[in-house]
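Chain nomenclature is as follows: A, B, C and D, assigned in order of appearance, with residue numbering initiated at 1 for each chain independently.
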Amino acid sequence: MNKRVLFETIRTLVAIGVALLLALIIIFSVSDEPGYALERFLLGPVTNLRNFGNVLEMAIPLIFTGLAISVMFMAKQFNLGAEGGFFFGAVGATALVLTFNLPPVILPVAAIIVGALAGGLGSALPAVLKARMGASELVSSLMMNFILFWLGLFIINNYFRDAMAGAMASHRFPDAAKLTRILPGTRLHFGIFIALAMVVVVYLFLYRSRWGYALRMVGLNIRFAEYSGINTKSVILYSQIIGGMIAGMGGTVELLGMYPRFTWFQLPGYGWDGVIVAIMARNNPLLVPVFAFFLAYLRIGADIMARVTDVPSEVVAIIQGVMIMLVTAERLLAGWRHRMVVKEKMKAAEAAEVEGGGVQHG
Amino acid sequence: APAAPAAPAEPGAPAEPSEDALKVVLLLNGTLGDRSFFDSAHAGVQMIEQQFGAEVRTIEMSYDQTRWEPTLWEVSEQDWDIIILGTWQMTEYLEEIAQEFPDNRYIIFDTSVDYSVGDLSNVYSILYKQNEGSFLAGALAAKVTTSDMELSNDRKLIGFLGGMDIPVINDFLVGYIEGALYVDEDVSVYVSYIGSFDDSASGKENALAQYNAGVDIGFNVAGQAGLGQLDAAQEVNRYAIGVDSDQAMVFAESDPDKAELVLTSMMKRVDNSLVRAAEMHMAGTLPYGEAEALGLVEEAVGLANNDFFERNVPAEIRAELEELAEMIINGEITVSSAIGMSTDELNQIRDAVKP
Amino acid sequence: MEEILAMKGITKVYPNGIVANKDVDFSVRKGEIHAIMGENGAGKSTLMKILFGMEQPEEGEIYYKGEKVILHSPNTAINYGIGMVHQHFMLVPSLTVAENMVLGVEPKKSSVLFDFEKAVQMTEEVSQKYNLAIDPKAIVEDLAVGKKQKLEILKALLRGAEVLILDEPTAVLTPQETKELFEELINLKNQGFTIIFISHKLKEIKQITDRLTILRNGRSMGIHETKAISEQEISRLMVGRDVVLKVDKQPATPGDVVIETKGLSYHDATGKPVVNQMSFRVRKGEIMGIAGVEGNGQGELVELITGLKKPSVGDIFIGGVPVKDLTVKEIRNLKTSHIPEDRMVYGVAAEGTIGENLISDRFDHPKYNGKLLQKVKSLISRSEELIKDYKVKCDGHTQQVNMLSGGNIQKVVVAREFSSDPKLIVADQPTRGIDVGSTEFIRRKLVELRDEGTAVLLVSADLNEVLELSDSLMVMYGGEIAAYFEDASQVDEMELGMYMLGLKTMEQHEMGGATGE
Amino acid sequence: MGSLFDIIFSANFGYAVLRVTTPILFASLGALISIKAGVVNISMEGTMLTAALAGVAISAYTGSAFGGLVGAVVVGMLLGLLLAYFALNLKTDIILAAIAINLMASGGTVFGLFVISGDRGISSSLASKVLPRIQIPILHQIPVLGPVFSNHNVLTYVAFISVALVYILLYKTPLGLRIRAVGENAHAADSVGISVKKTQYIALIMSGAFAGFGGAFMSMGYVSWFSTNMIAGRGFIALAAEALGMGRPFGVLLTSLLFGSADALANALQAFRIPSEFVQMVPYVVTIIGLVVYAQRKHSAAQKVRQEDRA
C-alpha cells in the first residue's frame, strides 16, 4: 500500500516535471526573460502573503464545486450543473440579504442556507427527469446551466438591480452579510473554514453514513443496489440535489466573501473547474482541497507571471491544460510500475514455492 | 489637444517633486484588441507618452475577475505617478485600495467611485455621456431611414443591437431612441439583445433578423458580438452604425466594401479624455476627489467623422447633426440617461417605439 | 501424435500484482481434445488469453508447429490459426449474426462498402460446412445462449482456426445443448481440429477429452491421460484434498408454509405471459428445486418473488404477508434472501470492497447505525467474521471484489445472503461456473440452512444439483408448472427430461397438495 | 411588423434555420462518431475555436479559402489526435483531457491571434477569405424553396450531405461496423483481432475533422473573421444535440435542426418585447422539452426491451 502511495507521488512529480519542461519550452519561445518568468510562475504565489492569500481565496470556490461534482459523480450521475448551481446559489443569497434585514452571523448563515436551496433547486430538475424517466442528466444539466443563468439575471435585473450603478449590479450587501476577512493583507475570508468543514461533512456523509453508502453503491453498480433493496431512485435524486446544494453554498460563500454586491453577468466557470478538481481527486472528498489548492496555485502563479513578465496570460492557459492532462495520465510510467510489481511478486511467489504452498495475493 | 512639450513638473503638483518623466500605468480589466474601449485607452496612454514624454505601461488583467484586485494592489505598491483604470467593475476595488495609498493618484474612466465611502481625494473619475453621442446616432438613423438614400427603404424602422439588457447598454438605447424621435416622431426601433459580448455569429443573426424585418439602418452596442451587424449589413446591403471606436476602420483595409456601409460610429474617446486628464494633472488642475461627466463639449463622445461618413451621408444630414450637437452642447437639448432609471420606465420607453 | 503447440515457462503477473500463471508448461497434440482444469482463479483463462495474444506474459515462450512465435495480439494468433471461444461471450449484441461473424475480416464491395450479402453467404457456407445451423440475419441479442455458443465457435472456424480454445463452454448450456455441443466437438476433432477445453465438470471431461492439464494456484500440476486418471485424483490435484460432491442429507421435516403463490402471472411488454398462472408452496425446512430449460420463466419467477419485478396477475405471500406491492427492501425485511443468477450484474459491486459488498442488505439496520453515522467497527467485525466463516480467499475486507476469482466472488454473495438469518432463500444457479470445492461448500450450506428450518427455492440448470439437493421438485416449461414431485428422490432423470422439453405435462391432480388451489 | 406566425413561415426564417444549424450539425456529427466508438469527445468547443482561427490564418496566408478550410480541418484532426493520445495511450480521463483542450483552446487562440495579427480580439486586420455560397441552378428559381435552400454557404451543404456520409460510414462500411463494435463491446472487437485503440484513434480524429469543418464555417462562412470565444457554446449545444439524436445520424440531423429552429425563433422573438432573459432561454428550454419527450419514449421502449430480455 505504501509502495502505491510512493509510486503515485513519484508519478505526479514526474508529470509535473514534464509539464514544467513543456512550459519552459513555451515560455522560452515567447519571453525574453524565461528564467525569471518560470521563477515567478513557480514561486510567485509563496513570495508574499497577499499572493498566497490569493491562492487560498481561489481554492475556496474550487473546493465547493469540486465537492459538488464529486458527490454527483460518485453516484455516477454525470450532472454538470455545478456551474449553474453556483451562480444561482449566489442569486438566491443576494435575494435574501437584500430582502431581509437580519443581524450579523444570522444573515450570512441564512444566506448560505438559501443559496444552498437555490443551488439544489437548480439540479432538482435534471435529477427528477433522470429518476422519473431516465432522461440524460448530462444534457439537462448543461441546459439548466444556461437557464439558471438567464433566470438569475432576470431576477437580479428586475428586483435587485441598483439603478444608479453603471453596470448590471445589485444593491450593495449590508455589512452584516459579509464574511469576515481572517488574514490581514489578504482577502482570505471565513469561507475557507466553511469549505474545509464541508470537506469533512461530505467525507462523513459519503463514507460513514448509510445514505452515503447507498449513494456509493448506486455509483458502483446500480443493479446491485436495486437488488440489495436500496431505493435507487431516491439516491439519484438526493445525490444530484445535494451536489447542487453544495455548489449553491459555494456560490454564496464566494459572493459574500469576495464581492460587495452581485455583479456577475457571466457564468463564473467554477463548475468546469469543479469537474477538473473532482476527476483529479478521483471523487475523494479528502483529496478535493488538495487539488483545489493545486489548481488555484497554478492559476495564481500563472497570473503573477503574466503580470510581471512579458509572458502573455493566455500562454498560461496552455501550460495549465498540459499540466492537468499529464498529472492525471494514468499510464505515465505504468511500464516502470509494472516491472516493479512483477519483481516484487515473483520474489514473493518464489518464497512461497519454497514453503510448498501458493500465495497469489500480495 | 495642444501638444505640450515634455512639461516640467508644476511647483504646485502635490506628491511629485521629481525631475524625471511622468510615470503612468494603465490597467485593463480585459485585453487589448477589442478595437474599442481598451484599445482607445491604450491609445490615450501612448499619446501621453508621445506628447509628454511620459514613461507608460499597459497591463492587461484579462476578463478573469479574480485577478483584478490583486493586480491593483500590486501596482499601487509600485512607484507610479498616475494609475489609470476603467469600467464600473473596478470601482469598488479602487474605493478600498485608494484609501490605503493616499499618496497615489488614480484616474478611473467610464465610471465613478462613490466619494461618500471615505477619503477618495486622490481619485478622479471620468464618466462619458454616451447618451449624448447615442442621441446623435439615433438622429442620424432616423434621418437615414426617412431619406431617399440609396439603401434606405420606405419604412421608418431603425435597429438597435445591444449586447445584454443591462444599464450601460440601455443608456445608449435611451439616447438613441430620443435622438430618433427628435427627428421623426413616427420612427420605430427594433431592439434586440444578443445575450453575449463575443458571439459575433449570433450578432449577425440578430442583425439579419432586423434587416429582414425592414430595418435599413442599425446601431450595434455589443462589443465584438456587435461586429456581426457589419457582416449582416454587407450581406443584405443596408447601413450600420458602429460603437465605442471607429468600426469602419476595423475593416477599412481588409474589407473596404463592408466599411463603406458603416456610416459612422458613436465613439467614446477614452484616449482624448485621458490625454486631457494627464495634461490637467501636470498643470495641477485635475480635480482629484471628483467625478466629471464628459460629453460632446469635451469631445469625449461623438460620431466618427471619417471619409465614409463624409462620402456616404448627405451633406445636409451631416449639417443637421452638427446643429443637434451644438444644441446639446449649449444645453438646448438635454438627453435622458438610463442610469438611475427603473426597469419599468425603461420598458415604457422601449414599448413606445416598438415596431 | 505431434505437438501442435507448446507453452514453456509462462509467467503472468497482472498489474494489480496477482500472479496468475507461474512457470507453466503446457502442450497440446494435433487432433486431440485437451482439457484444462483447476479451481476458480487457478489461472486457466489467463493462460488461454496468453495463447490467444490477449495478454502478454512476463516470461516464457510459445511454440506453434515447432516454431517459436510471439503473439502480440489476437490478430496474430488468428493469423496462426488459433481461435478462442471466451468464458464470457465476445459478441456485439446489436449486430446480426453475419456481422458478428465477419467482424475484423469484413468482405467488401466496390472496394469501400461493407458487403452484407457476402457476409451472410460466408456465414451460411461455414455453418453448412461444419454442420452448425444458425440464422445469419438474426440479431445476436435475440439468440438463445446455445446459439450464441455456436456462433462463437463458427466465428473461430471462419477465421481458419485449427486450434480451438473453448473456455467453459458448457457452463451456461442445458444438458441437451451440452450433448449437442459434444457431438459437434467430436465431429470437429475427427476432421483434424485440435481443441482445448476448459470445464469444471468432471463428468464432461471424462466423457470427451483425451488428455488434461491441471492448474493450481497458477502452477501446472502436470499433463495426464484422461483415461489413466480417476476423478478422485483429479480433484485432489486441483484442490489438494478429496472432494465429495455427494452431499449427505437427512430426509426433510417440512413445517409451516413459508412462501405461497396464487395464480401468479407476469406478462412481458408484448403481452406474452412469461410466468403463467403459477400456484405453489414451499414449507419451512424444505428445499424445493425448480428444474427446467433456461428461459422458461424461472428468472422472472425469481424476480417476482424478490420484488425486482411486479406481477401482472396473482398473489405472493411470504410468511402469510402479501408481498405483491412491496419493495425489494420490504421483502428482504421479511427475511428473504436471494442469490442472483448473474453474480457480476446483480450480486456484487465489483469495484467495491469485500466489506462493502457484505453489508449491502443490512447497512441501514439500526444495529449498525447511530443517529447520523454508521457504526463502522461493528460493520467491519461483521465482515471479517463472514470472510472467515465462508472461507473467502482474500487479503482482508478492504480488498476489491473484482480482484477475487469467480468462486470467491460467489462466496461473498452467499455469505451475505445466508448470514441474515433467512426464512426463505431464493437461490438462482448458486453454483454456476464454480469449482468443485466451492460448489461442495455452497451445497452443504444450503442443506444446513434447511435443517435449521429455512425454506429454500432452488433454481438450477444443473440437473444433478437439483436432483441431489431438492426435497420436492417442480418443472417449469413455458412459464407454467409442467410437473411437481412431492418427493424428489423418486424422480427418474429421463422422465424429468420429458417434462423439461415440454413433451409431457402433468395433470393437476397428479401434482398433489403443494400446487394448485 | 407581422405576427410571429408570419415571421416563422417566411423564407428568411427557413434560410436562417439552416445557417444556424450548420455549425451545430457538424459538431454533433463529430460527437456522434466518437461516441459510437465509445470515446466521448467533449472538446468540440475548443476544437472548433482553434480550427476557426486556423482557417482564418491559413486562408489569409495562402490567399485561398479552400486552403483555409483544409487547414481548419487538419487542425481539428490534430486536436482529435492529441485527445486520443492522452486518453488512449496515457489513459488520462477523457473528459478531463477534453476539458483541458477546451481550456487550452480558449487561451491559445487569443495568443495565436496575437502572434499572427497583433490583435487580441478580432482578426479583421487579416485579409482572410470566406468560403463561397452556392446557388443551386433550378432550385434557385422556385419561389419558396429557392430562398430557403439555395444560396447557402458551401459548408452548409457539406454539413447536410455529411449526415448521409456519416450514415454510410457507420452502417455501410467495414470501418463503421468496427467503430460500432468497438463502442458497444470493445472486448468483443479485441477478441476478433480488431485494434480497439486504432479504431478509437480513427473515430476521434474524424470527430476532430468535423469540428474543424464547424470551426471553418464559423469564421469563414458565418462571419468573415475570427474573434475570441466566437464559438460561444455551440460545441456544448452540439453534445446535447447528439445525446438527443438517439445515436443515429438522421436523429442528430433532426435534433440539430431543432436547436437551429429554437435559436432562430429566439431571434425572431426579440421583436416582441418579451424580457430578453426569457428570449435567451428559449433554445435551452426547447432542448429540455425535447429531452423529456424523447426520454419518455425511450423509457417505455427500454422497459419493453428489458422485459423482452428476460424472456
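Convention: contacts are C-beta pairs under 8 Å (C-beta built on N, C-alpha and C of every residue); 3 or more make two chains touch, one makes a residue touch a chain.
Worth saying up front: this structure is predicted, and the values here are computed from it rather than measured.
> Taking each chain's centre as the mean of its CA atoms, which one is farthest from the centre of chain A?
Farthest chain from chain A, going by C-alpha centroids: C.
> Just the number, please: Cα centre separation of chain B and chain C in whole Å.
Between these chains, centre-to-centre, one finds 76 Å.
> From the mean C-alpha coordinate of chain C to that of chain D, what's the distance rounded to whole Å?
45
> So the centre of each chain is just the mean of its C-alpha atoms; given that, what is the distance between chain B and chain D in Å?
36
> Whole-Å distance, chain A centre to chain D centre, using C-alpha means?
28
> Show the residues in chain B shared as contacts by 2 or more other chains, in ascending order.
Within chain B, the residues that touch at least two other chains are 60, 164-165, 195.
> Hey, what residues on chain A touch two or more of the other chains?
150, 153, 157-158, 312-314, 334 - these are the residues of chain A that touch more than one other chain.
> Can you list the residues of chain D that touch 2 or more other chains?
Within chain D, the residues that touch at least two other chains are 110, 114, 275, 277, 280.
> What are the touching chain pairs in this one?
The list of touching pairs comes to A-B, A-C, A-D, B-D, C-D.
> Can you name the residues of chain A that touch chain B in the complex?
Residues 50-51, 54, 57-58, 150, 153, 157-158, 161, 163-169, 187, 260-261, 263, 265-266, 268, 299, 303, 306-307, 312-314.
> Over in the complex, which chain A residues touch chain C? Could you list them?
Listed in rising order, the residues are 204, 208-210, 213-214, 216-217, 220-221, 223-231, 334, 337-338, 341-342, 344-346, 348-349, 353, 357-362.
> Residue numbers of chain D touching chain A in their complex, please.
Listed in rising order, the residues are 86, 89-93, 95-97, 99-104, 106-108, 110-111, 114, 233, 236, 239-240, 243-244, 275, 277-278, 280-281, 284-285, 287-288, 291-292, 294-296, 298-299, 302.
> Write out the stretch or stretches of chain A touching chain D in their complex.
Those residues of chain A that touch chain D are 125, 129, 133-136, 138-140, 142-144, 146-147, 150-151, 153-154, 157-158, 272, 275-276, 279-280, 312-318, 320-322, 324-326, 328-332, 334.
> Within the complex, which stretch of chain D touches chain C?
Touch list, chain D to chain C: 168, 172-174, 176-178, 180-181, 184-185, 187-195, 303-305, 307-311.
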